[in-house]
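Before I ask anything, here is the structure I am working with.
Letters A, B and C mark the chains as written, and numbering starts fresh at 1 in each.
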């Protein structure tokens, strides 16, 4: 077989595999969303499953989110102050601008990136190890759909926690940024902590992003877990794929929602 | 599974968390020392180094390119309102370039790299630990640090620097494309704004960060991979810990280096 | 290769409605690899079928097809009644206690009152010799104990057909014979149908009344367990005796 033909076949096979995987992912997504909105409330609900998942996702990620967003806040404020003092002294604007950027974008998306690493790998590893030890098969033997039993509670919990953690993260980031502004650039905290540039539409966009990210992470990670094969290598591979896939999903959704918001709100942004 | 809130339990868990963090930090420091020690004199398995460079570099390029393009577009969208308000189309190249080279580039590419290569590395080493391959090396009197870890650490540092360079370039390209598509600004305007105001210093600032991030990701993933216990579940947990600690380290180091080299 | 065979204790003509499990022309492929090709098999109600054969011959895939966990690429599978399954690695839910594990199938059915569930779980655990271990978690159990919990869970919902995937793999000889004693007691009491996949030919022959030899994706031989060691097929005879 010529190299050309071989490459073509390989590209074809990869595209087919990617296409099938994409369809599977969409199927999992639909099952999760439909499952949580419809049957979950009517059917049998594992007692306290959502609460338990919220604890795993939320409480145990709080410190992580606060620390990372805090540091990023400090860095961003520092860099911006350096930049603005080079042309005109825009230091007084920094706090207000940072608040706006946090609410519109950095808060939800950076929090989601952190959740993608922490929670995404966790969900994929859990679901993945259940798959390779045939626990998912055992669930099916009792008539339980793994997606509904495992992924739906995590889905609902993640959405709630994504919004909650984003808010905490934004507070930490803004606060830490204010500290940096005061200690390194002598910005008066009263001037820094200024919310005048944040409009209700910005808050709406931010919340929408947090919800979308919180929804995407468990779906993508659960999907990766469901496809785990083999034993420990398979679980590790699933966790890796979940982190990257969720991070990407967050990024793509961020661009999409930002773009739509920009078009919809126009100059009002 | 705790069924209710108990102050005592919370305090215990905070204590346990601190202990675990301290233990891991110490373990990573020890590993760093071992790696440094193996580098002088520099005896290195060249083949392993090349193999890891290929595995981590070549396969990461698509992800870095995609990330950088999206980041570029995202920055244009975020700056769009600002630019329209002040009519400062010439500032796009400068503002986004500054952010990309110094901050957003190294940070986001570092996070993506940690997610892909760091997680992969932790999973691989974790599986090797679980299947006793590390013990097998020791039984053959081969130092796992010198044979396995040092090439990976070096490969990750080198690769991340290269990836950041590629990512920076693609991000600027993304900014140019997005500016022309969304803001009707000619790409060259962006380019001139970028070139006229930013220098090699900004570029190197970002690359220095990439180098340290690479080291952090490498040490974290190797440490958690080597200390896996408990089969498949343990490997998953190792990946989780590796990625989380790498993310925290990256953010912290970003802050440290910004302060130190501003 | 087709093999229309019936697996029952007696060779008398059996009317189709008495079959608990029927496979007709079943084939399964994973990617380019054909794992099962044109398998036809019928298991009568109350029969005990042992499935033996070399590794990677298709035994577990066959079992999972019967269980409905995998769909065949060709052919038809019919199973009359409810199915319970004991998995190779027990597949106990590691986030539930032993009692919750065993109760799981009943809880999922939805219409069994809690008191009855508790009673049946206790009865099953007693039957497998694990009364008192209700609160334990799977990670605290030994291999043999896990198998017994898995067995209790597979049978608590009183299934008509029970499938066992390597029930004694990795167990010592004493525990192995105990497990098969449990299987005998269970099936003597319920009269249900059993299919056991096993690499332990001697042990499974103490339980099954018929043996099927599966190799390279097809059923190569079916016959009464008693005549296994003197089977007319030399490959099967050699396999059963442990000679090349």
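Note that contacts are C-beta pairs under 8 Å (C-beta built on N, C-alpha and C of every residue); 3 or more make two chains touch, one makes a residue touch a chain.
The model shown is predicted, which means the values in this text are computed figures rather than measured ones.
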Exercise for review: Find the chain most remote from chain B, comparing centres computed as mean CA coordinates.
Suggested key: C
Revision key, fill the gap. Most heavily contacting pair of chains is A-B
**Study point:** Chain nearest the overall Cα centroid
**Key:** A
Point to revise | Rounded Å distance between chain A and chain C, as computed from the means of their C-alpha atoms | key: 43
Review point. What whole-number Å value describes the gap between the mean CA coordinates of chain B and chain C?
Key: 49
Check your understanding: Distance-wise, how many Å sit between the C-alpha centres of chain A and chain B, to the nearest whole number?
Key -> 18
Check your understanding: Among the residues of chain A, which ones contact at least 2 other chains?
Key -> 133
Exercise for review: Two or more other chains in contact with one residue: find those residues in chain B.
Suggested key: none
Practice item. Under the touch definition given earlier, write down the residues of chain A that touch chain B in their complex. Key: 52, 63-64, 67-68, 71-72, 74-76, 78-79, 82-83, 101, 104-105, 113-114, 116-118, 121-122, 124-126, 128-129, 132-133, 231-240, 243-244, 247-248, 251-252, 254-255, 258-259, 262, 267, 269
Study note, to complete from the structure: Contacts from chain A onto chain C in the complex sit at residues 44, 133-135, 137-144
Point to revise | In the complex with chain A, residue positions of chain C that touch it | key: 64, 67-69, 83-85, 87-89, 91-94, 104-105, 107-110, 153, 157
**Study point:** Contact set on chain B toward chain A in their complex
**Key:** 1, 17, 63, 66-67, 70-71, 73-74, 77-78, 80-81, 84-85, 95, 98-99, 102-103, 107, 111-112, 114-116, 119-120, 122-124, 126-127, 130-131, 182, 231-240, 243-244, 247-248, 251-252, 254-255, 258-259, 262
